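Here subunit A shows up in two complexes: once beside subunit B, once beside subunit C.
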Partner chain A sequence: MPTNTYTPLATISLTGTDSEIVFSNIPNTYRDLIIIASGQSTAANANILARFNSDSGSNYSWVYMGGDGSSTFSGSSSGTSGDWGNFPNAQSVSVFQIMDYSATDKHKTTLVRSNTASTYAIAYAERWASTTAITSISLTISGSGNSFASGTILSLYGVIA
Partner chain B sequence: MLIPLGILAASGVSAGSFDLLESQVLTGTASSVTFSSLSTYASTYQHLQLRIVTRMGGTGGAKSNLLRFNGISTSSYKSQFLLGNGSAVSSFSGSGTNIFLGIGGNLATSNRFGAAVIDILDPFETTKIKVTRSLGGEAASELTLISGLWNSTAAVSSITLIPETADYQIGSRFSLYGIKAA
Partner chain C sequence: MQIIEHQELSAAQASITFSSIPQTFTDLLIVTSLRDSGSTNGWTNAYIRPNGLSTNLSTRVLYGFSSTVGSFSDTFIYHETVGGGSSANTFSNSSIYIANYTASAAKSISVDTSTANNGGNAINAIVAGLWNSTAAITSLSLVAEVGNFVQYSSATLYGITKGSDGTTVVS
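Then we have the complex of A and B:
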């Protein structure tokens, strides 16, 4: 029996700058989460950083590929936050697909599309090396003192399976 | 800003045209996974989306999820790749007996799975060949954007997913969604 899904769980529209957005108390009743971020940051060269469940350990890794209008690039890295792609002080739209977020038998994979027409088009595959169900997501902007800019909208959706 | 979801999640406002149709989560290994009898959805849905999280047997290099329509295994498929392996971006194409999707995880590392989101556009139209697009990857390996084609105007009646190597492992998840027409 088809079941309607892609349920809006939360939307935040910033009326001022904000250094951190946290979605908390995420229920385990969905299978995937999708976050759409539309807006910009306060810095010319900045990325969105993500942490799950306040985990600040070196449990995040990623591979990416992109283009900057004249050349392509690919890289990989790891760290204490997931690098979720370019979000500079120019209009950007990013989509984050957090797959099987509530599963406890696998590490968590996030697929990222990061789009800023004035800088890059980039895609990422991310891994959080934990089998714990995700109950909170913290989003910040890389670089000291940088923030999400006023007018940025972040929307969280749940998808059942 | 902290956004507690308890109240908002409980209200569960649900509207729109995106429906979960079927889902399979493996409790044992499987050589393939099939969604069949899809013609029952043709009158309601314009497009389909697959959301998969997969792990394959073996410990070797990156291996792909493969897709076939209607059980057809002839050389009637084509895939165009944009692939990033952590060092460089490559572009290539291939024709063959299936469409390539994003890669899955394998047994080299515990709990290692790959994921992909695949859009199947106008699957029930009989006036056009079938086109797919996918974004998939596994963080320790590679990331792909793939355009796929099945050179047939037949309406899609089944979708089969096949691991490029060994079997799909326990915990692999395959979910099919329909997007309604206006």
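Then we have the complex of A and C:
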């Protein structure tokens, strides 16, 4: 029997703007999680920010590389939310792969692919410095007053090892 | 994720097409392994054509090969195949993710693409693509840029369906 992949866990299709999307009560029965965010935000220069289990401590760090169509850039940073990549007011798709999300013996790694054909192609590697199993994921848009735009779809999938 | 169709070429041909794609999934994933029959030692492009079309496409790319890194934009979806002049038996390896392929909105496309070749003449790239059309994708073609796709080139089409497990909550 082939191993199931991309088992749908939850999805939301926005009929209006929304400043925060929260996936909660995530079961611990999968190996990895995948989130697909398809749509746009309400701001021209905005990123998706992520928090696990409502943790607002300085426990998030990331490294990234990207191209804007003429120049390249790379860097690293840290903060009280994970920076999960560019999500402007233009059609975008972002893929988030959270590895070993229910493990209690390691920090949590997320691979991010951020794609907006009119702005950037970017890849991130993220770390949440906690050995706690992930049971909830909060996604917001950077910048005061910014939101996910109407029509955006965010879907969470579980992957069995 | 569910496999929709797998194609592996028994002989060289100019393109690989998935037609009559079911409209019952949410997203599509295509995994490709390709080699071009042309004489290029390195890489060539394998054009991605939603519904067989080459219009309303755009791409923004970050690439690296040898000690070179760069970025460009263009009016096709960047996706690589190994050129026929490269090391024998080497094929490209790429994944193409198309979100909400049946929606009446522009289609965002994420591509991770890489080639292999002795001597380091190989490329790796991440691609942000867009098909700016409100039409649902009912077919998808991969078209060789230089020659034909050689025997044993392959592509697999998967469908991914969003939904709920009845336990996880989203708000």
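The rule is short, and it goes like this: the second predicted complex is superposed on the first by the 159 of 161 C-alpha atoms of A that agree within 3 Å, B and C clash if a C-alpha of one lies under 4 Å from a C-alpha of the other, contacts with A are read in each partner's own complex, and residues count from 1 in each chain.
Methods note: a residue touches a chain if its C-beta (ideal position, glycine included) is under 8 Å from a C-beta of that chain, and two chains touch if they have at least 3 such contacts.
Given the structure is predicted, the values throughout are model-derived calculations rather than measurements.
By the document's definition of touching, of the two partners only subunit C reaches A:Ile36; subunit B does not. Legend: residue contacts after superposition of the two complexes on their common chain; A:Ala103 is shown touching subunit B, with no touch to subunit C.
In the superposition on chain A, A:Ala123 contacts both subunit B and subunit C. Of the two partner chains placed around the shared chain by superposition, subunit C is the only one that A:Asp68 touches, whereas subunit B remains out of contact. When both complexes are overlaid on chain A, the residue A:Asn115 reaches subunit C alone and has no touch with subunit B. By the touch criterion defined above, A:Gln91 reaches subunit C but does not reach subunit B. The interface of subunit A with subunit B overlaps its interface with subunit C at residues 5-10, 12, 21-27, 65-67, 72, 113, 123, 156, 158. Looking at the complex, you find that subunit C touches subunit A at residues 1, 26-27, 58-63, 69-73, 97, 99-100, 105-110, 112, 126-130, 132, 160-165, 167-171. Those residues of subunit B lying in contact with subunit A across their complex are 1-6, 8-10, 12-16, 18-21, 23, 25, 41, 44, 51, 53, 55, 82-89, 111-117, 135-143, 145, 170-171, 173, 175, 177-178.
Taken together, the subunit A residues at the contact with subunit C in this complex read 5-12, 21-27, 36, 38, 65-72, 91-93, 95, 113-123, 151, 153-158.
Only residues 2-10, 12, 14, 18, 20-27, 29, 31-32, 61-67, 72-76, 97, 99-100, 103, 105-107, 109, 111, 113, 123-127, 129, 131, 156, 158-161 of subunit A touch subunit B when the two sit together in their complex.
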